[in-house]
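Each of the next two complexes has chain A plus one other chain: chain B in the first, chain C in the second.
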Partner chain A sequence: MAKKLNFDLHKHALVPKHAKCSDAEKKKILKHYQISVYDLPYIRKSDAALAEIDVKAGDVIKISRTSPTAGEAVYYRCVINE
Partner chain B sequence: MTDELFAEYEDKLPKKVLGELKENIPAKTAKGKVREIMDTAVKEYKESMADPGECIGNVSAESIGEPGTQMTLNTFHFAGVAEMNVTVGLPRIIEILDGRKDIKTPSMEIYLKKPYSQGKDIKELAYSIKETLLNDIALEFQINIVDLSITIKLDRELMRRSGFTSATILNGLKRHTKSYNVKAEGDEIILKSRSKEAALNSLYKDKEKMKEVHLKGVKGVKQVLPVKRGDEYIIVTAGSNLLDTLNLEEVDPTKTTTNNIHEIADVLGIEAARQAIINEVFGVIENQGLNVDIRHIMLVSDTMCTTGGVKGITRYGVVSEKSSVLARASFETPIKHVISAALVGEVDYLTSVVENVMINQPVPVGTGLPGLVTKVKVK
Partner chain C sequence: MADENPEEKIAVIEEPSEELTLPKEEAGRVDMPEPSVHRKVAAIQFSVLSPQHIKKMAVVKVVTPELYDREGYPVDGGLMDTRMGVIDPGLVCRTDGKRLKDCPGYFGYIELARPVIHLKFANLIMTLLKSTCRECGRILVLQNKVTSLNADLEKIEKEEGPEARRRVLKDLIGGMKTATKCPHCKAKQIKITIDKPTTYLEAEKRINPIEIRVRLEKITDEDLILFGMNPKFIRPEWMVLTVMAIPPVTMRPSITLESGERSEDDLTHKLGDIVRINQRLFENINAGAPEIIIEDLWDLLQYHITTFFDNSVPQLPPARHRSGQPLKTITERIKSKEGRIRHNLAGKRTNFSARTVISPDPMIKLNEVGIPLVMAKKLTIPERVNVWNLPWLKKLVELGPEKYPGANYIIRPDGKKKKITDETKEASLEELQPGYTVERHVQDGDIAIFNRQPSLHRMSMMCHRLRVLPGKTFRLNPAVCHPYNADFDGDEMNLHIPQTEEARAEAEFLMEVQTQLISPRYGLSVIGCVQDAISGNYILTKSLKFSRENAVDLLLAAGITDLSRLSRKQEISGKEIFSALLPEDFNFTGHAKFKDETGSDEVIIEKGKLIKGVMDRNLLGEGSGLLLRNIHKRYGKDFTINIIGNMFRLGIETLARHGFSTAISDTDLPAEAKQKIQDVFDKANRDVTDLIASFREDTLEAFPGKTKSETLELKILEVLNKARNVTGQLVSEHASKDSHTRIMAISGARGNLINLAQMAACVGQQALRGKRIDQGYYDRTISSFRKGDLSPMARGFVAHGFKNGLTPAEFYFGSMTGRDSLMDTALRTPKSGYLYRRLANAMQDLKVEYDYTVRDSGGKIVQFLYGEDGMDVSKSEKGQLNIKRIIRTVLSE
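Coming up: the complex of A and B.
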């Protein structure tokens, strides 16, 4: 993208909080759901919301959404190259 | 004092339920009673959850599909000075769920910072966002083949109203017309070609190109309409360009959105796109006076966004991601799928529902999901 957004998109009402999981957290999540990393939903490395977080393929991103039904819902995505 | 008790239930109940309980249990209630209430709430919550193996996708499809039969097929017309259409009803739902890139009526809702949100200079601001092309303020374009020149006649009245002078137009034009000598004469702008031979062929082409020269405003915004919503003024547009709009100084970038899902995915990321799909679909359904639980729409939206990009519920989108050949073939264009699978030697492990229906086996849904393991005694 040639042009860039000149404000912090995490302040936008549509964007939930994104955070990188540590290795220990990652292990715990995968053990809890009994899956491997690539069974999680994906998020692209080039995703606009990850611009300020240093990530590589295989990392797990923890997303804290505000949900109308649960109040707050936690979702995990796996970073992929693309 | 009951705060520690609530903390115990933090991973057992969702935040919203916990908050409601906290609010509604009187402070003087005995600790044992509170615990009893909380345990009942946990039990009720667990019972209301979907069971493992429940075919929630099917339930969602039915829940959205049935009210879908009652939706309107028309587009809605905005009343007002500027004529504007917005696609609603069934066509809009189909458009979103198919994940189309070119939607019928792209539109933005621009929220403004104070004091503009209170109505200050709202009209002027709206017009400064609207895209103005040279064609919009020109009366006619003339080609003179003899002296290889193009004459553009301008509309004085329109120029005055939208705040243009000949000089500003010249400036905007100069960047796009390198091979011409540009000068203004009264109401006219005369462009004279610098080279002699090549010009004749390209004269007409250049004239058409000049009509599209961008002079002012946000690219792609074809129509603007200031509206009062609640106690603040917002600008509704026809045509969408989220990135450029968010970068404008007067715009409140935290609330401004577009109805183009792919644009949101590009500018704000996949999670924002997921939320936008939910908002758009739920908005349409509510607008039609129908009642669908938001959880069904959340499921569809999550499915569309699992691959990191927005994929429609079509044979090119989420269905193409299925691992089973038979499942893909059963959706649309079966022959194409079977042939291409045969060519590369694909194997179907029959792990999902459709393929098991096809070969008359129990489907892995509900009670068909768990397998039975027994320890065989060795004699």
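Coming up: the complex of A and C.
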């Protein structure tokens, strides 16, 4: 497990917003793209950005980042163990 | 050091024995649906050949080093025995009854008088000897641990793959080597060392191969599994050769020289040595010769067999020809760039292609390529004969391969290819009929794919139409240099002629130059006017005026024949001439690089007439401005490619008439300007001296976070940069306004105003690693300065211009930065090339799906919306959608 950070990394300008998707949302996303969770890009459970969120493997994380081309871009990642 | 090569690898390199060890796939053949599949390979097993196996697959036992008898016929039991295949046209193989080319060749074998170590297994043998008991042959690990270790390794392999298994095994073996007592029979272990390449020593005493073989035989099957060897396929004692396979004659053919003499292959030479020494060893052993003689012969046999496998073993002198040139044996055949793998298997070569130096020809179209006549007579296109083209093709066949345009071959419907020569010409003409194919010379307008390496993007390979031209170089329009990144300082390019209708259609529709106009990188035209074409159009549209006759003459000379759009006036301005190229209903507003007296850079085209502004790099150049992009959008690719060609020729033709040259006098300055520049330098020098003085007196205020000397450096740099900029400004104000050098800089054709200032007034500060030059001697850059001199001239400030000449010190500083940037580019190019390669390889199968997601070949998502905005850049204008225009066009409909 990652060491506890002594600052709030979510306040950093380069860290995008991470949020856990509800089961309904997750279902919707997977249906929309017609994929299984494992076809999503991965994020490790130990990722520092997920430290404050209660997640388990198989959860979907919604990442909203600012994009130079599109203003805001949404990205989804699937949580994996190590 | 011992186990460098994992055993599987060695087996692959050395002796691939295919089918014999395969499980017979009877069932697979029964339910095979396609009758065309004769036999299916179910699996490939790599292993080491056993002596029994070698004998089984051999067709002959080689017993004599002789090759041919007195009649020149291969000797029975010799190295060229006809049972091992034939290489002479007249002979028949005694194994399969086939002749040269049909006979694949068969292995033979020789019985070695004494066993010999196989070089390629030397390291593996070493590992085995070290980690097994010298007495009982068991592995130097307790019995109960062997089983658990095996299970562990099995588990690791399953979870992490064979790489991890090898790694763990290596550590394990490393531990065993230090054992001093066998855990099974309690025998004391003696340290074994290797005297490279193939001699093993136990406490300084040599272990001979017979003994090694005995020890390896003692290793149990169970223990072998732990070493990663399957005892069904590999027994370690097979790594010490008792019989040796003789490769078939067909893989070592001899060449008959012009004198009728035969020259044998290197492998045959080597095998001859082996057989000869082997025979002598046999004789000596049978005659009961003293042990020393036998040992010597044995060592010699070992040497020959070792060099037979690999003649570049570092510890051994390579076996040589009589001429002193080293023999190329098995390893040399496979290895390295000229070896079988990289040269013959991975190397891709192609027919119907050509390569030569390129040179420019602005008078051919952008989508044409000029090829030399000699090439046109060698490159062919297969043309299927039918009733309609028969007379035409007959004419070509009649001209034959020497006269252009002719034909080189005819192909009969059964696929037989016949060369057209003076003798066969009559017969060929006679038999030519529909169904035949004629390989005719390429002609004007044929399709070709043109390429320049490095092929980094899709515009590096474009389809052009051929133009057969005199000369020996490829000719291309200078406007298409940019997508190829080509210039004419000796660049060479490749040309390929597609051979089928499908390939030609595909090349034409997907790759032709006009289809590649808009770059997928930034959505603007990658092709535009360059160099002279830009300065020409700038001069033309800025101020030139022509009489009607001259204007028409100019346009015609530029290859523009449609004069319907030309103004009817008697005196025609350059703008009106340029407007003659534009379509009647074209409207455009944009910005030029050039600013007029009022500071406006606006360019207005209304109803196909250039009303305001000039044409310069921002309008006509590649990758800049929307003029070309808008023309492409409205009038399509073919129109655009045409208009670019026309603009280009108009530009250079204008220039040719106007006269254009660069002169030393372009950099002349009036006396007052010179004085002003001098004043600026004097002031800067004074300022710097003051700064240095205040630094020495320690009155200089340091910037936050900087030391005092760093602050001084920054301040000096600031002063000098300012001085340089001011001189640049002075030069651009005072230099002749219509000098050609200036026109080039202003229109964007070549160079910029800084270059002009560098020539006229001041080159400026030379910098190394972002600092003023400070390296060289202790406390000074060159020994002609005092130590600790921080003045501008002592630290690389070049106060003179190129025209007036530099002082020796200045020149030296210039060479320092010159060398630095040379080294930098030389080191950076391969690095960035490799980085690009890795990126391209990592992304090569990614694809935008219909739902705009980017996915890899396995369907995994990489991006949820292509580029995060789902935009196809090549359909955009500089990466943006012009919404205003879209609304306007929709409303006007």
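We adopt the following convention: the second predicted complex is superposed on the first by the 78 of 82 C-alpha atoms of A that agree within 3 Å, B and C clash if a C-alpha of one lies under 4 Å from a C-alpha of the other, contacts with A are read in each partner's own complex, and residues count from 1 in each chain.
Note that a residue touches a chain if its C-beta (ideal position, glycine included) is under 8 Å from a C-beta of that chain, and two chains touch if they have at least 3 such contacts.
Because the structure is a prediction, the values reported are computed rather than measured.
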First, second, both or neither for A:Y76, with chain B first and chain C second: second
Chain A residues touched - chain C or chain B, whichever exceeds: B
Partner chain in contact with A:L14 - chain B first, chain C second, else both or neither: first
First, second, both or neither for A:D47, with chain B first and chain C second: first
First (chain B), second (chain C), both or neither touched by A:D39: second
First, second, both or neither for A:A24, with chain B first and chain C second: neither
Those residues of chain A which chain B touches in one complex and chain C touches in the other: 41, 67, 69-70, 73
List of chain B residues in touch with chain A within their complex: 14-19, 243-244, 246-247, 253-255, 257, 264, 266-272, 275-276, 279, 294-295, 298, 302, 305-309
Chain C to chain A touching residues, read off their complex: 851, 853, 855, 858-862, 864-865, 867-871, 879
Touching residues (chain side chain A, partner chain C) in the complex: 33, 35, 38-41, 67, 69-70, 73-76
Touching residues on chain A, where the partner in the complex is chain B: 1, 3, 5-7, 9, 11-16, 18, 41-44, 47-50, 63, 65, 67-73, 77, 80, 82
